[in-house]
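Have a look at the structure below before the remarks.
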Amino acid sequence: MSEKKIKNVFVEGPITPEKIANSIAHHQVKTNIGAHDIFLGQVRADEIDGKLVAAIDYSAYDEMANKVFDEIRESAFEKYDLTCAHIYHSKGIVKAGELCLFVFTSSKHRAMAFDACRYITEEIKAKAPVFGKEIFEDETHQWKVNK
Amino acid sequence: MSEKKIKNVFVEGPITPEKIANSIAHHQVKTNIGAHDIFLGQVRADEIDGKLVAAIDYSAYDEMANKVFDEIRESAFEKYDLTCAHIYHSKGIVKAGELCLFVFTSSKHRAMAFDACRYITEEIKAKAPVFGKEIFEDETHQWKVNK
Amino acid sequence: MILKLKYFGMIAEAVGKENEEFECANSSVEELNIALKNKYAKLASMNYKIAVNQSFVEPTTLLKDNDEIALLPPFAGG
Amino acid sequence: MILKLKYFGMIAEAVGKENEEFECANSSVEELNIALKNKYAKLASMNYKIAVNQSFVEPTTLLKDNDEIALLPPFAGG
């Protein structure tokens, strides 16, 4: 069994707008791309029982999660005519208002970029073994569960 | 008839990754946002009759286009539960690999952000009086037509 | 009456100008269109829509003095 | 045989550790699950899936020495 090198999707802490700008800039040499779609997940200051979420502390089953992210990415390339697809997810503390997920798809035409970005995002929410501890302003917490 | 101030959607030349990063950063104070979707249109170096597109020179019926962009944005707010929606479009020369359209939607949940971003992008392609002269490397040109 | 005509994209290229004032008797949008095709033969084979004061109207709509009329070729935004 | 157990999120919190070695006789995934619920009473009321060597398998799958078993609570990525 040949082992392909699996990319590490995780970023320590929040995903910065600068990282997103750099990622976009790196695609400007690919002049067969006509459309990009970018999904960004942002931590919400939800109010739960009168307390505000101040941050989410993300943890993951790293090795399995990276395999799952890789499978999602590969299946997106099989389903859609893509030029590129990238996924980044935070680990550790991400404060309310900061970004925790960055999905970036590129294609010749817009329909494929849109379809693939949404597909990848839904697959991540359903299949990636990533866990989130919602930390309230008073330092109590609860565990987040994706809908 | 009260005249509301209509925003100017046009940017001279390409839309830069830095502009996109700044736009994202400005949304980090809005802690009721959970999901952003960003569509970016990029100029392709298409080969047509053996010649490569080097750039597109965008022109527009400015006053009407800004009214149309505003109507599209307003209708997106009516159809979808959005926190924010922004549109920027280039005028003038945008070289192959550079960005000409930036649509940015934000919502509490991902479905609305995705739906609205795609809706706005399709509406722009169909309804905005923007014109594109595809300039080839030998300085001849042809007029682009949206499919 | 005087109409303010605006030409865009490949239409501006075909007629060789971006705008002009056009004097005519009372007419509808479709009558103006025929007059313009008589003036600019190239328009006959071209695909465009006509906006009146920045909106699309019925071809039978009657034009008024000082109306802004735009000839819009196929859109290419995005 | 020895199994390498890994606990995540609210499961790790409930059992008070992130991993441990677990010695047991030959057993299936569902048999291991019963043994773990006996060891950690809190698991009975919790919602989780069990991955074996980073994949989901049938409950009747037999475990092997040195398998990596992960107890995964509901996902919250994105």
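Read from first to last, the chains carry the letters A, B, C and D; within each, the first residue is number 1.
Just so it is clear, a contact is a pair of C-beta atoms (placed from the backbone, for glycine too) under 8 Å apart; a residue touches a chain by one contact, two chains touch by 3 or more.
Predicted model only: the values in this text are computed from it and were never measured.
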Per Cα centroids, the chain farthest from subunit B: D
Averaged-CA centre spacing for the pair subunit C and subunit B, given as whole angstrom: 26
Between subunit C and subunit A, distance of the C-alpha-averaged centres to the nearest whole Å: 49
Intercentroid distance (Cα basis), subunit D paired with subunit C, Å: 73
Distance between chain centroids, defined by C-alpha means - subunit A, subunit B (Å): 23
Overlap residues in subunit B, where contacts from two or more other chains coincide: 41, 110, 121
Of all residues in subunit C, the ones touching two or more other chains: 78
Pairs of chains found to touch, sorted by chain label: A-B, A-D, B-C
Subunit B-facing residues of subunit A, complex: 17-18, 20-22, 24-25, 27-45, 96-99, 106, 108, 110, 113-114, 117-118, 121
Subunit A-touching residues of subunit D, taken from the complex the two chains share: 6, 8-10, 13, 51, 54-55, 70, 72-78
In the complex with subunit D, residue positions of subunit A that touch it: 41, 56, 58-61, 63-65, 67, 89, 100-101, 121, 124-133, 143-146
